[in-house]
Structure formats: structure tokens, C-alpha cells
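Chain IDs A, B and C follow the sequence of writing; residue 1 opens each chain.
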Amino acid sequence: MLSGDLGHSLVSDKEVLTLLWERLPATMALIMYALLISVVIAIPLGIISAVRHNTRWDYGAMLIALIGVSVPNFWAGLLLIMTFSLHLGWFPSTGYVDVTQNLWKHLEHLALPAFALGFLQAGIVTRMTRSSMLEVLKQDYICTIRAKGGTEKVVILKHALKNSMIPIITIIGINFGLLLGGTVVVETIFSIPGIGQLLVQSVFNRDYPVIQGVILCVAVIYVLISLVVDLLYAYFDPKIDYNEG
Amino acid sequence: MNSRLLDVKGLTVQFHTPDGPVEVVSSVDFHVNKGETVGLVGESGCGKSVSSMAIMGLIPSPPAKQIGGEIWFQEKNLLAESPDYLRSIRGNSMSMIFQDPMSSLDPAFTVGSQIDEAMQFHQKIAANEAKERSIELLRRVGISNPELRYHEYPHQLSGGMRQRVMIAMALACNPQLIIADEPTTALDVTVQAQILDLLNDLRQTFGSAIIMITHDMGVVAETCDRVMVMYAGQIVEEAPTEVLFDQTAHPYTEGLLRSIPKISGKKVKLYSIPGSVPLQRDMPKGCRFHPRCSYATSLCQEKEPPIQELAPGHRVKCWHSDQVIAKQGGV
Amino acid sequence: MEYVEITKEAEKKGQFAEQMRAFWKVFSIRKTAVFGLAIVCFVILIAILAPLLAPFDPVEDVDYGNRIANPSATHLFGTDEFGRDIFSRVLMGAQVSIAISVSAVTISAAIGIVIGLISGYYGRWVDNVLMRIVDGLMSFPPILFAIALMAALGNNMGNIIVALAVVYAPLFARLVRGTVLSVKNKEYVEAIQVMGGSHIRILFKHILPNCLSPLLIQMTTYFAYAILAEASLSFIGLGVPQPEPSWGNILYDGRQYMLEAPWITVFPGVAIAVTVLGLNLLGDGLRDYLDPRMK
């Protein structure tokens, strides 16, 4: 196993490594889009609710975030399929097309699953952005920037946001596991041939080498993500300098 | 009138708290002339910081507030001007140095970029020109190797250096008025003296007026032309520095002066004013200082003393100022 | 020492009611937290009374003449592909889902407390070994880890509880260890050690009480996670085996009839979302009350 040979699938007799390579792109694409969607929703929402602290804007944003953390992602997926593919017919309900084949079809197929998956993460990140921003906005240096004549735009989007990023990145990193876990369910609902679906299939087939391979693969991704998080820390917090170690 | 840079008339600041409105500053009048250094002295909580923030237009809003009176600066009443106008003078013709240099600089940006920013907020200026001027400013405030320091982050600098950076930042647009809010309180004693010397030097070269907010009479003696003493949201005494030290007319000022440790002379127990600043909620009737005052009589408990002018420029708010002055010889 | 203990004991008794009153005074300021508490109490009550409230037997009352029926007066939430009453299934599902989550969280908290106390209090190699194991277990995403465990154990209700307990225990161990470390070096604990208090006594009388409030907050949060996790597992067919209802496997049934019978998917989902929402609101309220720094 250490030599990189993960063995063969008991069912299809393919090499586990090959199976993983085939399945990984769909999962990675799904996770990336989900992450993107969650950040694009969550950070503006968090900023608004921090800046308009204790106003209707704040309550509205917090309500959305709360719904985000409370709705199970497979249920969100089912509701999205019901509304947007079965009733409105805007998106395909299941299946997957690779980027290399057709970019538009690729995005069309992944839009709903990415939303279903990103919604939870968006809720968590919104809440963290808000509390982190509120904390930073209380700091003395924010007052210094105002005293220099900085506009609120500069104060919030340049200074406060950069200083709020550390806890936000941390929470994204910690909850990356939720995304990885969520893919299992979301891939199952939307029939996306990713490693999550592979895992479920192999569990039912008692295909232990594949189960082992998927778990190992996920752990490796997890480790890589924490590495990326560490590198981002260094960018957002100049006090961290890995060169000095 | 023309020599007046800043004229504050009847400034009143109220905060709305769950327990009702609280008046932190009560109809304060004062002025600052061009190029002079004025001290604003008092214990913490007396309203001196709030007054200065009101001048800057920076009182934080979350505790709902109400500001009354007039603040005249460059022929304009700042309290009647738009937030945009206020922003355009902040950091430009009026700037501020804060108490704690450790927390007043943004930790995520280099000090250089933070000084550049102070210029870029108000002037169309090319990045490399801003950089040149920032480096020059760093040199002027006595930072060695300014080219190198320009690229450093706040955490790489000592407290004294950071305060120098704050001063450089305040000077970036050649302001006419600098408000220095306890600029030395958070620093080591040796560094304190250096920073005060620097401020004195810069005042002469740049010609800016300074409002020196402090609780330390020693700082006042070293830097100020004129002093205003604040107690519980009111100015209780105002005088040129020497007059204030020689002919103290208010018991509170007397108390502040007696609590400075003297290096010369015998060891005596350091004086401290009994009691503490009253909470705004239960402000005493009559003179606000009477519960802590050794001169207090029944008159003080009932009626608030008026402001009397003892000599040109020497005003005091006390019923018994004559007794206080008379006592000077005996201390 | 005796004297201190006695007065402490007396204080505890006299003050408990007082403490509860003080707690409620602060806690009730947050209307959302009170609302959350109300939801949680309501759901738990329903779970307990489910057999009495359910109009039909969720498993046995199969009615092929009445398959996939719309919601109506007799079948409030409609029926499924076997003609079983969804309302009754959701009620019984509450009992199953909540029983699983409560047991899983309680067991994992108990394991976590033991490991965390030992690790934090004894330190040195014990701590090192235990924490390396904890870190190892934490390096897998919880759901995937649970899936792998279910694959190894086989699916039945007991195994879900075991799997979730194993997955969550390390997180509780970390939390307790952290609190123990911060309390252990406080002067009063050192003073008791110097006076010769036994380890067990120090651990349970002085250190454990300090861990309770962070534990309570985390248990509320993980209760919500456990409900979601159980539903996910059942949804992919690795949780509660059919025909026993749980919120997750009712959803699993409904998946094939989304177009014809959306009610099968909607109602159990609402039940999950409302319960988790209530737990989240309650958790936020507790956090504000017990740990004001976290605001």
C-alpha cells in the first residue's frame, strides 16, 4: 500500500488508483464550485450584517445563514431538483458532463448540486464573517483609518476584511470536511460519478479495497487543504512567516 | 478672531443608554489659536477624549448619541457639515494621534502603505511619489533606515517607533491641527520624553496647532502653552500654563498638581484626590466636584458655580477660587 | 478544607434555584434562544409521545388501495408507496432519530470526558499518546468516517449510535482536555494539590464542573450534527434499516416519487430542518450566556 499500489476492485477488477483518478475530477469540480458559491454568498452577507449590526439587514442575513446551517444538504438537493428541474425544467436533474467535453453542459449539470452542497458552508461562513468583522471593527486601527479620512468603503473592504480573513479561512478549512462528507450524499442524489458515489457503491458491494482507497484519498485531500490554509494564513497575517521557522 | 483656528462653543455630547440619556460633555467652550499647543487635562472618564472625537466627527454611533453646540474650524461649523466634508478634512487639515500605538496601526499592512494611504485619501498622488514622501516623513520623525522600515509591518516595530509612525501619518498632509490623545501614556518612560521632544520640534517646523489630551501634568508642563482642566464633562479651569501652575485657582487642578511626583526634595506621601469621578447617572447637585473637595461648603452643594475670569485668559469655575489661590504659598 | 467544602455544599443547594432564575433572566432576553428552546422541547416531547400521537402504525398499517395519496384529513402528510401514513412515520421517525442522536452524543461526550480528563490532567506521555490517536481520528471528515464504520459494522440502529459516538468522541476529548489544561494551573487547584487532595476528588469536584458549560454548548451543537448525520446515513441506505422509519430513510423512500408525491420528501425534511434550527438557536443562546467571549 505504501508503494502507491492500492490494489484492485473486487467488483470490476480495475485498479483502485485508476478508479480514483476517474472519479476525482467530478468531485473536485463539485467541491470547488460549492466553495465558490458559498464564499460569494457568505462574505458579502456577513459584511452587510456586521456593518449594519442590529438592523433589519443584519437579522435578514442571519436568518438566511441560520437556514443554511439547519437545512440538510441532501434535502436541499431534493428540493432544488423538484423545483428547478422537475417543475421548471431549467436544469438537468442528474448526470455529469466533463469540462473537457462541454463547458456549458458541465456547469449546467453541476449548478444545482454545487448549490445544495454550498448552502451549508455559506451559512457557516456568513456567521463567521459577521462575528469576525464585528470584532475587527471594534479595533483601534479602524478608528485610525477613519481619522486619516478613509471612506467607509476603504475601512470595510480593504482593512477590516483583510483582518477578518484569518478566522474565516480557518472555519472554511475546518469545515472542508463537511463539504467532502456532503459530496457523498449530493453525488448520490444527482448521480454524479465522483468518489462519494464510488464510496457508497463500494460499501454496498463490500468492495473493501475501494473503500480503503477512497478513505485514504479523502484523508490526503484533507491534509492538502490544511496546507493551503496554512499558506493563506501567511498572506493574511504578516506575523506568520514560514521562512523564519 | 483671525488667529483662532478652532472655536468650540457650548459643545454637549449625550449618549442614549438603556438607563436613559447620559451627558458626557456638558456645554464646553474653548478655542485653539494657530500654531499653539493646548492641553486638555483630566482623569479618565472626564469627557476629554469624547470632546476630541466630537471635533474629529468620529464619535462611534452604536450607543445613540446627540451632539449640541458649535465647532468652528476654518470658517465652517463642523457639526452642521456633511459627513463627506468631515471626511475630507480628517487626516488632511486636522489629524489625530492615538493613545496606544500597539493597537492603532493596522497589523495587516506595511507601515509605509499606511502612511501613503493618508496622502492618497486626500490628494491625487502617484504611488512612487507617495512612497518618497512617506520615507521622508519617517526620516523626519526620527526613524533610522526609513527605506527599510517603510516595508515593515507594525509588529516588527517597537512601541516608540510605532508612535513615531503614527505621528508621521498624522503629519502626512501638513495638518493645521493635530489632536494628540494621550500620545505617551502607553509608552516606556524614556520613550515618552523622546516623543514629547519630537512633537515640540515638529510643531516648530510644521507650524501645526496641537491639542494635547493627557492626564499627566508633567506632559502639560513640558509641551503646552495653555491648559484647560476638565472634570466630569465640564471645563473647570483654563489658563496659560505658567499661570495655571503658579496661581492655581481650582481645587481639582490643585489636586492634580499635587499628585505629580517630584524628583527633588524630601520623600513625602504622594497626594491623591479622594474618591473618583462621579458616574454620569448620579451627578451631584451644585458643583460637580464638591463631594471630593476639601473647600466645599453648603453653597457648593446647592448652586453650580459660574465661570469667572480672574485675569485675561484665566477662567475658573469655583466658588472658592480666592481661597485656593491664597493657599498656594503654604503648600 | 472541611469548612470550605461544607459552605460550598450549602451554597450549591441554596443557590441552585437562584442560579436558575439568574440564568433565565439573562437567557430569556434573547427571544430567538427561547424560541429555540421551545422548538427543542416540543420535538423531544413529540418523540416521547409518538406512539400515542400517531394515528396509524407507521410500519404495519400497509394499505395498497391507498398508495401515494395526497395529504388529507385522515392522512395529514399523505401516504407513501405502500400506503403507509407519512404523518405517523414522521412522528415515529422523530423518536428513532432523536433516540439515536441523544445516545450517540451522550456516549461520545462520556468517552470524551474520560479521555480529555486523563489526557489533560496527567499530561506527559499519556497525553501524547491519547492526543495522537485523537488527531488521527479527527483527520477524516466525520460523515465519511461514519460511512466507513457502518460499512465495517453493518447497518442497524445500535451500530449507527456506535459509529457516531466514535466519530464525535475525539472532538469532545479535545474540548475537555483544553478546559482541563486551563483550569489545572489555576492557583486554587494547585492549593488543593498541595493540601493533599486526592486526584479523583480534584478531577471530579474541581476540574469537571469547569468543563460543564463548554460541554453543554458543544453537546447542543453536536446533537444537531448527529441528527443531520443520522439522516444522511439513512438517506444513502447505511442507517436505520427499512421498514423502521427515521427521518432520513423516509426521505430515501420519497426520492423516487419526487414528482408525483413531493409530500413524502417535504415533511420529513421540514422536521429535520426545524429541529436543527431549534438546536442551533438554543446553542447560540447558551453560548452567549455561558461564554460571552464567543459573541
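Convention: a contact is a pair of C-beta atoms (placed from the backbone, for glycine too) under 8 Å apart; a residue touches a chain by one contact, two chains touch by 3 or more.
According to UniProt, the chain labels map to these proteins: B = ABC transporter ATP-binding protein; C = ABC transporter permease.
Please read all numbers here as calculations on a predicted model, not as lab measurements.
Engineer: Going by the average position of its CA atoms, which chain sits the greatest distance from chain C (ABC transporter permease)?
Structural biologist: Greatest centre separation from chain C (ABC transporter permease) goes to chain B.
Engineer: What chain lies closest to the overall centre, CA atoms only?
Structural biologist: A
Engineer: Once you find the CA centre of chain A and the CA centre of chain B, what distance in Å lies between them?
Structural biologist: Between these chains, centre-to-centre, one finds 49 Å.
Engineer: So how far apart, in whole Å, are chain A and chain C (ABC transporter permease) when each is placed at the average of its C-alpha atoms?
Structural biologist: Comparing mean C-alpha positions, chain C (ABC transporter permease) is 24 Å from chain A.
Engineer: Report the inter-chain centroid distance for chain B and chain C (ABC transporter permease) in whole angstrom, where each centroid is the mean of the CA atoms.
Structural biologist: Centre-to-centre distance between chain B and chain C (ABC transporter permease): 55 Å.
Engineer: Along chain B, where are the residues that touch chain A in the complex?
Structural biologist: 56, 58, 62, 87-92, 95-96, 98, 100, 103-110, 117-118, 121-122, 153, 155, 166, 169, 172
Engineer: Show me the residue ranges of chain C (ABC transporter permease) that touch chain A in the complex, using the header's touch definition.
Structural biologist: Against chain A, chain C (ABC transporter permease) makes touches at 139-145, 147-148, 150-151, 224, 228, 231-232, 235-238, 251, 254-255, 258-259, 262, 265-266, 269, 272-274, 276-277, 280-281, 295.
Engineer: Which residues of chain A touch chain C (ABC transporter permease) in the complex?
Structural biologist: 66-67, 69-72, 74-75, 78-79, 81-82, 86, 131, 134, 176-178, 180-182, 184-185, 188-189, 199-200, 203-204, 206, 211, 214-215, 218-219, 222-223
Engineer: In the complex, go through chain A and note every residue touching chain B.
Structural biologist: Of all residues in chain A, those touching chain B are 53, 139-141, 143-151, 154, 159, 162-163, 236-239.
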